[in-house]
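The letters A, B, C and D name the chains in turn, as written, and every chain counts its residues from 1.
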Amino acid sequence: MSKIALQQNRSLDVIVLGRAGVDLYARESNKDMADISGFNKFVGGSAANIAVAVSKLGGKSGFVGCVADDAFGDYVKGYMLAQGINLDGLMTDASGSRTSVAFTEMKPTDCTVLIYRNNASDLTIKPEQVSQAYIASAKILVVTGTALSTSPSREASLLAMEFARRNNTVVVLDIDYRPYSWRTDVDASIYYGIAAALSDIVIGNREEFDMMETVLAPSNKDDDMTAKLFLHGNTQILVIKAGELGSKVYCQASEKFQQGIYHVDAQKPFGSGDAFAGALIWTLVNDGELEEGIKHGSAAAAINVSGNSCTEAMPTKKQLFDFIKANKQDLAVRRK
Amino acid sequence: MSKIALQQNRSLDVIVLGRAGVDLYARESNKDMADISGFNKFVGGSAANIAVAVSKLGGKSGFVGCVADDAFGDYVKGYMLAQGINLDGLMTDASGSRTSVAFTEMKPTDCTVLIYRNNASDLTIKPEQVSQAYIASAKILVVTGTALSTSPSREASLLAMEFARRNNTVVVLDIDYRPYSWRTDVDASIYYGIAAALSDIVIGNREEFDMMETVLAPSNKDDDMTAKLFLHGNTQILVIKAGELGSKVYCQASEKFQQGIYHVDAQKPFGSGDAFAGALIWTLVNDGELEEGIKHGSAAAAINVSGNSCTEAMPTKKQLFDFIKANKQDLAVRRK
Amino acid sequence: MSKIALQQNRSLDVIVLGRAGVDLYARESNKDMADISGFNKFVGGSAANIAVAVSKLGGKSGFVGCVADDAFGDYVKGYMLAQGINLDGLMTDASGSRTSVAFTEMKPTDCTVLIYRNNASDLTIKPEQVSQAYIASAKILVVTGTALSTSPSREASLLAMEFARRNNTVVVLDIDYRPYSWRTDVDASIYYGIAAALSDIVIGNREEFDMMETVLAPSNKDDDMTAKLFLHGNTQILVIKAGELGSKVYCQASEKFQQGIYHVDAQKPFGSGDAFAGALIWTLVNDGELEEGIKHGSAAAAINVSGNSCTEAMPTKKQLFDFIKANKQDLAVRRK
Amino acid sequence: MSKIALQQNRSLDVIVLGRAGVDLYARESNKDMADISGFNKFVGGSAANIAVAVSKLGGKSGFVGCVADDAFGDYVKGYMLAQGINLDGLMTDASGSRTSVAFTEMKPTDCTVLIYRNNASDLTIKPEQVSQAYIASAKILVVTGTALSTSPSREASLLAMEFARRNNTVVVLDIDYRPYSWRTDVDASIYYGIAAALSDIVIGNREEFDMMETVLAPSNKDDDMTAKLFLHGNTQILVIKAGELGSKVYCQASEKFQQGIYHVDAQKPFGSGDAFAGALIWTLVNDGELEEGIKHGSAAAAINVSGNSCTEAMPTKKQLFDFIKANKQDLAVRRK
């Protein structure tokens, strides 16, 4: 019943649009930035993480984005290719932009993340560089919302979504809100509102939906009210993530349900959202039910935060099912 | 049958969003810019022209826009107030922007228009400055498309349209496309596409709809195909202006029709579109039929181009009806 | 004794570097901007004014600057050519900049001047566009200081001055300070300081020298102290203009002197400085004494403010000498 | 004879103006960027390197610059303070700029260095933030030329040099030319020309002096000609570094001389220039002869490139003299 209708004869399961960059994780855990001796190097970025997640589970991922024409850009492309990701939509920019880099301490909480995104390459992708045929070759397009934060990436994202709608590619918006990327919350709420209206599925946490309601319902904190605001037109499903409390899922066509999380010892506070989205989407493209997808997402998130990087700690299909079996406590699922 | 349902108990008939500036018309007709001795000064700008047009016909206009905090800004505000236009939504910018100025030769054709719009005040209006209550106080919101060309005016326009939709204020998009204001036609087509989807009525000429089809139907020149592309969802009416050939009007709810123009001796090649939009909108807010509105629009356009400025040559209700009576030749109306 | 040594076999008397634009003067005198009916059109801009002043007196002027590639640019070039000014160094910019325009009321005092200089063409001139051979073809290079306010015009000006120094072209700096063009007074004082050190003659008023002392002597108002600060190295002469009180002239090589002004009924408060500089420079290139040049400058200034525009009211040689004869009261000259 | 006269009663030996940032060195040597597993973290940046060099030799260094208000900024400040460097002139920027970061492979040649300097904090320092009293508290001001590349750091540097001149602080310009920081070579040559004219000592290599001659002597490759061009006015000493061939030193007051280099196994191709400048300056502030300073500089450079980072591998006084003793082969010194 809670299945998403997908076009079947597509060469790619999913195309992810957004940021691919370099993550530099503190070599020593539980040390402050000033005191660590150096960093371990990985590929990261929300969109890259999701593409890798789908790919490691066995899905066929593609990518729309941009990296710099330099050694870090080459590194990111080489890694993603090695993961089996199709890079026909990944551009290279030689105008002086730089591949996004994130430096992080390794602490489960209060973890400093230092982001180098001044003139970031991913935000230089132009609408002229987005191919309608490419978008039409996938069952699902995932847009990570940071791509909406500045031009021309904003226009590239909106055009990709328009292409998806006209070609029956299902659109998923992963809100992925980074306040520092936007002029104001008001601007963010305007473009996220437009993007949500073009999406079949919208995934975010309470704080992200608060931002989306900046203008329309500034004091609302109630998830049901949020569902009323955004669940119409094209938008069939809303997933509101609540950390420890699990996820609430609202469907236009049916009842809402809520699902808990798997409890693990976290090594780092990031990566879980991308693992969640990746496993959910992988489930959907494999004709799985929404409830199943949310469960897979929760498991993948738990596995990821126990690992030492975002991309490397994405589970394979076997790791995912082993983990679920080993953590038998049934995740609470409540229906309204 | 071809009427637009409007909210009746609103304090304003129409709010126009966009450009109010200064028009400087060559003192001598049929002379080149280098040879004219000076300029006559008027208030102009598409949005100001439409607001004045409605006001002179007896309607109650409001305005959303921005002028510079200087002598030209004061002049524009003083003139609009004197025309009875409500200026609660007209902002003043003191950050160094300048009120838009257009210098024009006075020639019926091949008429040089020199535009001073670097850091134009009208494009500095921010979404934070747009009041939902104000938009909700009008029957109709008219957005002139140049306001979409750059941030933050782009976001202010999109938010105003969202406010209008949520408050049952009918939205009219006057495309008003100026290529020099945009990064590329692709960008323009993306934002005009989003704006059209938020509008009840879209007005433009063939070249403007060509721009809107840059990505979706790049080689199309067929009006019926254009109607198919844009006439769905919120968009009920499409008016495609064709100069000498009159206007084609497409309705979602009913058949299309075509109406000719009044032939007059033009003094200048501009102002007609704004006069047309103003008289059409004035007709609609007075419970007139669409066909009648198009006829009034054609008459107002003819009167305006015979005059010596845009705002000053907008007709009063008496002038409009006298002109129509005096030009009895019935405008051809063809129905499909 | 107070003569400037100039290279004699040069094809041009003077090259002026800076702003050439359009002046639009209110058609009616003593009316506010909002109430005037229109504007009379003239060529203006400090540098253009000085070049015209020299040319009308019979000197051979050249020009380094930039106008827009449009009808106003054509107008400015046509007028300057008609005045006999060599335009080999006048560039045309087609990147979207606009020729500077000034709108002015016509009042002797409290006269609103509205300046359109956002992305002004004159400030787009690049150092690559300045020819050493051209600078070397003139006896004097006059730099009007607004050209120093932003890049790349700043670099073009500094390079022109360096070329002048290396080719024994005498450098005159007319401070021409417009605060709105600069980030801060501190920035202005830094670049004016560098430019003054490259100049043989520096001309300004008390307020302009105050700006130059922002960092070095922030509270100084004493002209003698100012002379001490700037009159060394290359800088031989400092002219400090004091409006009604005339001008103080400081020479490195000899004593200072002071000269009064001619009293006339002013029609407008601008143009006098450029007329002064033009007549002074014309005197120097004709082997005149400095004292004589200052007197000619004072007369030209008086003639100019009595007229109705800046360029058109520059006197011919005959007008200048007739005026001096008719105003026999000897201008007070005091020597220290 | 070849000594520089310095003000003696100053609280600081030297203030260095420019870049302090983070250097991330590949963990593995002789591997490509894509293949290395991570980076070791150090403080770096030309100006920081020179300040550390002087400090490790026992001199008292100060600093003028800017870092970001974040964990990397804190790290840089903490390290420099621990080295005994006075940081009264080191600003913190919270506007979104980022502390400069350089990622490097570890290879003696063909070593990729990836620089993150989009909106770099060091270039945000404003002239208003430079204290005349601070500049006046040092014997020597060293300006590293990258600080001249963009505003407002350019103006801060020029003002610091002006302050130094007015307070008898000797000015050293280390050209430190990075083409990517500049609009064009022409612009660079203009500002380096101005800066050189404000300096007592100018240090650079042949390629850097080529850039300085872009406009004045575009095809010159001859060091003697270069000395003729720049060795006048304030500029007493020119040091032209020639890698393997050692350095040529030109003095306004006396003859030129040339000195060879120490041959060592280099671990990395950077850091040597800063070590050279640091040891030379330390020698001068300790009343050493110029020839001795160049010899110390050559030794420090050799020691530095043998180490594994720039700052950490700066020698102490003991290490410097031990190295010189151990490498007895007298460096060839030729006099003209």
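As a convention for this text, contacts are C-beta pairs under 8 Å (C-beta built on N, C-alpha and C of every residue); 3 or more make two chains touch, one makes a residue touch a chain.
If you want to know which protein each chain is, UniProt gives these names: A, B, C, D = 5-dehydro-2-deoxygluconokinase.
As the structure is a computational prediction, the values presented were derived from the model and not from experiment.
Colleague: Between chain A and chain B, which partner chains are common?
Modeller: none
Colleague: So which chain is the furthest away from chain C, centre to centre on CA atoms?
Modeller: Of all the other chains, the one whose centre lies farthest from chain C is A.
Colleague: Could you put a whole-Å number on the gap between the CA centroids of chain B and chain D?
Modeller: A distance of 61 Å separates the two centres.
Colleague: In whole angstrom, how far does the Cα centroid of chain C sit from the Cα centroid of chain D?
Modeller: 41
Colleague: Would you kindly tell me how far, in whole Å, the mean C-alpha position of chain C lies from that of chain B?
Modeller: That pair's centroid distance is 45 Å.
Colleague: Make each chain a node and each touching pair an edge, then name the shape: line, ring, star, complete, other.
Modeller: ring
Colleague: I'd like to see which chains touch which, written out pair by pair.
Modeller: A-B, A-D, B-C, C-D
Colleague: Using the touch rule from the top, collect the residues of chain C that touch chain D in their complex.
Modeller: 126-128, 132, 151-152, 155, 158-159, 162, 166, 183-184, 186-187, 190-191, 193-194, 215-216
Colleague: Going by the contact rule set out above, which residues of chain D touch chain A in the complex?
Modeller: 24, 27, 32-34, 36-41, 70-72, 74-75, 78, 96-98, 101, 103, 105, 112, 114, 116, 118-119, 180
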